[in-house]
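Shared between the two complexes below is subunit A, which pairs with subunit B and subunit C, respectively.
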Partner chain A sequence: MVKYVLKRILMGVLTIFILASVAFLMIRIVPGGPFDADVAEMSEEAYRNLEMKYGLDKPLYVQYAVFMTNLLHGDLGESLQYTGTPVADLIGRGIGATARLATCALIFSVAVGLALGISASLRPDSGLDRFCTALSTIGVSLPNYVVAIALMYVFAQKLQWVPVTGLDSYKSYFLPVIALSLNPIAHLTKLSKTSMIDALNQDYVVLARAKGMRTGRVVCLHALKNALLPVITYIGPLISSLMIGSFVVENMFTIPGIGKMLATSITMRDYTTLTGMVIFYGTTVIVIGIIVDLIYVLIDPRVKYE
Partner chain B sequence: MKTNLKRLIAVFLAAAALSSLAACGSPASSGSQGSAGSASSGEGTLAEVQKIVYNCVESSSYDPIRDDQSGEIVAHMFEGVYCWDQGELVLGQGKSVEVSEDGLTYTITLRDDIYWSDGEPVTSDDFIYSWMRELDPNTAAKYVHNLYSIKNAQAYNSGECDASEVGIEKVDDKVFTVTLSAPSISFEELLAGNSYLPVRQDIVETYGESWSLKPETCIGNGPFKMVSYTPAEKMVLQKNENYYGVNDIIIEELEIRFITESSVEQIAYETGDIQIAVKPTAETCQKYTDEATYLPKLATMWLVVDCQGDVLQDPRVRQALSMAIDRQALCDMLGGGETPAYSIVPKTEKDYSADEYFVDVHGPYFSENVEEAQALLAEAGYPGGAGFPEISYGTSSGTEYENVAQAICAMWKQNLGITCSIQVEDSSAFVAHRKEQGYFDVARYTISSTCSDPIIPLALYGSTDSNNDSHYANAEYDALLDQARAEGDVGKRFDLYHQLDQTLIEDAAVIPLYYPSLKYLIKPTVQDVGISSTGMLEFKSAYVLAG
Partner chain C sequence: MYVLEVEHLRSFFNTENGVVRPVRDVSFKVEQGEVLGIVGESGSGKSVTMFSVMGLLAKNGYVGQGRVTFDGETLLDLHPETDEVDLQTLRNVKANYEKHLQDIRGKDIGMIFQDPMTYLNPLLTVGFQMSEGLKRYFHLSNAECRARNIEMLELVGITNAEKRLSQYPFELSGGMRQRIMIAMALNSKPKLLIADEPTTALDVTIQAQILELMQSLQKKIGMSIILITHDLGVVASMCTHIIIMYGGQIMEEGSDMDIFYRARHPYTEGLLNSVATCDNELGGKRKLEPIPGSPPDLRKPPQGCAFVDRCKYAMKICKAHEPPVVTLSDTHSCKCWRCHPEVMAMEQEG
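On to the complex of A and B.
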């Protein structure tokens, strides 16, 4: 087991190295440089001075060598857009809001998705089942942007129950969390329903029922553990996607998270911030992947890693 | 006692507000920059809490030389020798500015009662340090060209001369002189701009480049000071008690939100979360007519034309393209106070020799005329557009820009029988491609001037200018530009500006489209918000009425 984890960590480091190199090259291949959007309002001297300040006047291999050397020392560099601000600081100041939002959305989606999915699996073709099917379709089809605007219109503008923007009171979490959770709830509902139906049809569950065990006990003690395995498989990438894919919701609700920062770094060609963010997200995905693998072992003793 | 005083002030202010409204006409009408505020509320009593919450575009820094947005927030916290008050350029930190007879030397005397927000006095050294810091090539300031009118400033910034040769000299703690390389009609206005704002040497050197992002180190000399800042969410400013004019400022607190989506801004405005919306759509402005303010922006929207391209190198073709555009139809489509442009010089730039708007003195140098456009195209060898290759129209993404592109291409198709393909790219890629000769045939272009001087857009088309994206090369135009830059007499200089304008337009090296407008929604309770010539809001005279 320890050997497996160490192997995964080593593979993760190699993956990050490749990811960082690809991100470094890709962003430089895309047309337009970090100062091009403002070039019409800059002098030639100013443009040249900026390139020299950030070493962009040097050949690409030199820039790459400097980048890799700094990375090995744990230095992600200085943002080209936020002058004087290290990329690590930028990530640090945005990660709190994104993590809070993602955590709330994760808990909310898992709780609602599992509750709906399991309930629907126990009452096939009931009103609840049909509601879950409809919710799954709507949740998958509606983009975050539309959900956010609709929620704002109803709950902030018409009912005035919650603030429109920010993340500075418990009330302000409601709308962004719902907007961010709708899609995962749809997936989790469908997934947990299917896997629970499978689990409920297993011989050991049929036997438990035949012995007269109550449905609640059957579900909680026998079926749920097995039904959770595919759900956990989904939760790993879900955490990553909540962290990465939250930029639309962050932008709409004016939440100072890193999702918004990633989007801005692409449009502004902020090379250092973008590569830093890619490394950060890559690391997050790898770490979560390892944690999910470990949780498998805890839940299902049949799982063994060689 | 305090309440009575407040009421007295309220009555006075309400009267002042009403008279200013009467002077300006309806705030919803288009007009010159100045104060903006919706119609006065019935009672005219000051609100208990003098706080304004409004939306603004966030900058990546609030260091005056690093601000990459409008400079509005910086202008709340820092003040130059001059500043804007109710749309008027007035002395700020400066007590007096004397100009030598040859127009080259400015002797600036600072006020005696000016202090930084931490209580330290503001001195000549602060200004000199800040300007020299910006000119230092190692600082790599983006908008350093605003200082290039100072003698040897450009040479120092290019590393061609020593700092001691730059035309800035200290006389004493409150007096310093600036020598220009050529007389300037806009230097006083520039002295109010971001590039000329002072910063504190000890703060910059102690706390590094990010000093302006933290309230404890963002030490300014302006009417407001930073008390909290949550990046990408909001900033709170409070009245600076060390500002010399603090007793005249009624607003106690400004809360600035950084809402990027205009649909969200609209909801925030309608719920009362914000009192001023800065990016309302034309439809929203029409919905709140009484609260909408339109002001002409110090900018022009035009198309650059690839003058070296195979087809468009023929001036007749370029003229035909320009004449075949119905600019009023474009403005009607946009519906937000835009007006047709027949020059690239912004509508509100003045001709100081005639005391009129520049574009009203001469011109327009062409008129829209579809028949003439068709004749010109036929003369160039493309009757009815026959044989004319498809041209590429480049634009950056954005609803307004994309709608304009589609409308213009439809007009060219209908009026001239030529087709164009629209290429939409993000800003960085678009600007890079626009510079490449032959990448786009025509492309959207705009710059927002930092001060009123027609040379700013006209100088872009000098054959050696790095921003000459039309790749226009005309020796006569270059010679006129050189003459204009060196000319000390205002009348002669403006004559040269008009000649430049005429040459550029008659050669159709650019196709002017329209003058964009600034649109604001301001709640009726918020009064006397000032707007500078570049569209920045200022709140030194603003107040909030109850109700």
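On to the complex of A and C.
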């Protein structure tokens, strides 16, 4: 078990280095450079000086060697856009908002998705069941930016119940969280409904009832524990996608999170910030993956990692 | 004194392809300390009968008619005037019946099932699954549950009982799981044990052990057993009273002697002929005789006798009219026109 985790961590580190290299190359292949916007106002010499300062005048392999050496020392470099600010500081500044938003969306979508899915599984063909089917279809097909615009228009502009942008009070969380959650809720409702129906039809549920267990216990313990396995498999990648996928929503609601930062770092060709962000996201995905695997062991005794 | 009395039970499943009637007017009684065998092929309605009594039918299954009395208390008394299916009423009846049963199942009636591989919850330890009933009905503490579970596991012949309690079903063999299921059902010392093909999924040596175990426990605890099986060999070694079911009805009923030596129903005869034996009474080798054909479609139950299409003695009347139940002795009865006094008289006349 310990050996397995160590192996996973080692593989993870290797993955991060490959990911960093790909990100490093890709952003440099894209035409344009970090200082292109300012080129018009700058003398040729000033531009050269800037390039020299950040080592951009050197051949690519030298740049790569320097980048990797720094990375091995845990240094992500300085942002080219906000000159003088280390990338690590930039991420540290934005991560709070993104993490808060992602956590709220995660809790909200898991709670609502499971509640709807389980209730629907208990009453097939009821009104609630049909509502859930409709919700899953709509939720999967509507992109979150469309939902975001609609929500902003109705609740922020027309009804003025909540602020349009920012993340200043608890009220500002409602719209971005709902916009982020709709798609996961749709998936979770459908997933928990089907796996719950499957579990309720299993023989061990009959035995639990034959033992005299009350309906609530049969559903919430005997069936649900088994039905949760596929749900957990989905929740792992969901956490990553909430962290990463929030950049559209963060942009729309002008929330100062790392999602927004990633978007600007691409348009501004902020090489260091972008590679730093990619490394950060990659690490998040890998760490969550390992955690989900460990949770699996806790729930299902049949899972053993060699 | 009867532990369980079932009268005129009818059940049905509401499916996409129409209403299926797997139990059609079944009545039987179980005496205290008796081992009753219910025998029939797959689809004869033997399991569904007991699932109906236990209220364990699937979501689309309902009891449509019948009276169930357990230990002197009437749990269900339903006699609709028409044969029409009114789902809403039946749902209410089912919910009501469920309420009655939730305090009896697992306490006064224990049940063990066919497949020990799938009936234990894969994610819960043996100890946890065994303790649930004890906690619910007897409010025992964890330590008391543990002591009782160990005692029970040892009784059903499981070694290393203490270790087994913390194991999960997947870590145990099929025979061991079946023993655990039996221990679980007997944990509350029930008055009645319903065993639904308890040995079907096990290999022959383990089968014999499990049957022996059930027999010795029955004597020790003094409970009644209903043994559902398609295996006449199992019935012969265990049961004092036997019911032969076919097409959702009881075809023949009698003591073990009645069924094995004085069988009257062609279906019972067919079942006995299809049992493999090493040698028969004549000492010669006998060929196995299967019963040709397949069971009737219970979406459209036949008008006459359910067995008519496969019966080698079938007469005109068998197709047109359902045979009556003819009482042959105190213990023996048969649902066949050939046992009817008038038909017998006609046959004698030639």
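In this section, the second predicted complex is superposed on the first by the 297 of 306 C-alpha atoms of A that agree within 3 Å, B and C clash if a C-alpha of one lies under 4 Å from a C-alpha of the other, contacts with A are read in each partner's own complex, and residues count from 1 in each chain.
The working rule: a contact is a pair of C-beta atoms (placed from the backbone, for glycine too) under 8 Å apart; a residue touches a chain by one contact, two chains touch by 3 or more.
None of the values given here were measured: they were computed from a predicted structure.
Visitor: Check subunit A with both subunit B and subunit C modelled on it and let me know: fit or clash.
Guide: Overlaying the two complexes on subunit A (C-alpha atoms) leaves subunit C and subunit B fitting together cleanly.
Visitor: Quick one: is A:Val164 in contact with subunit B, with subunit C, with both, or with neither? Answer first, second, both or neither.
Guide: In the superposition, A:Val164 touches subunit B alone.
Visitor: Looking at A:Ala46 after the superposition, I want to know if it touches subunit B, subunit C, both of them or none. Which is it: first, second, both, neither?
Guide: Only subunit B is touched by A:Ala46; subunit C is not.
Visitor: More subunit A residues touched by subunit B or by subunit C?
Guide: B
Visitor: Given the touch rule stated above, what does A:Gly32 touch, subunit B (first), subunit C (second), both, or neither?
Guide: first
Visitor: A:Asn226 contacts which: subunit B (first), subunit C (second), both, neither?
Guide: second
Visitor: Mind working out whether A:Met252 is in touch with subunit B, subunit C, both or neither, as first, second, both or neither?
Guide: first
Visitor: Between subunit B (first) and subunit C (second), which, if any, makes contact with A:Ala88: first, second, both or neither?
Guide: neither
Visitor: Give one of first, second, both or neither to describe whether A:Leu207 is in contact with subunit B, with subunit C, with both, or with none.
Guide: second
Visitor: Rounded to the nearest angstrom, what is the minimum C-alpha distance from subunit B to subunit C in the superposition?
Guide: The answer for the closest subunit B-subunit C C-alpha pair is 48 Å.
Visitor: Determine where on subunit A the residues touched by subunit B overlap those touched by subunit C, and list them.
Guide: none
Visitor: In their complex, what parts of subunit A are in touch with subunit B?
Guide: The contact residues of subunit A facing subunit B are 30-47, 49-50, 52-53, 79, 81-85, 89, 93-94, 149, 152-153, 156-157, 160, 163-168, 250-257, 260-261, 267-269.
Visitor: Which of the residues in subunit B come into contact with subunit A in the complex?
Guide: Against subunit A, subunit B makes touches at 60-61, 63, 66, 68, 137-145, 148, 154, 157-158, 208-210, 213, 230-234, 257-261, 263-264, 267-268, 270-271, 273, 425-433, 435, 445, 447-448, 460, 466-467, 469.
Visitor: Given the complex with subunit A, which residues does subunit C contribute to the contact?
Guide: The contact residues of subunit C facing subunit A are 54, 56, 58-59, 98, 102-107, 110-111, 113, 115, 118-124, 132-133, 136-137, 168, 170, 181, 184.
Visitor: Could you list, by residue number, the parts of subunit A that touch subunit C in their complex?
Guide: Listed in rising order, the residues of subunit A that touch subunit C are 124, 201-204, 206-215, 217, 222, 225-226, 299-302.
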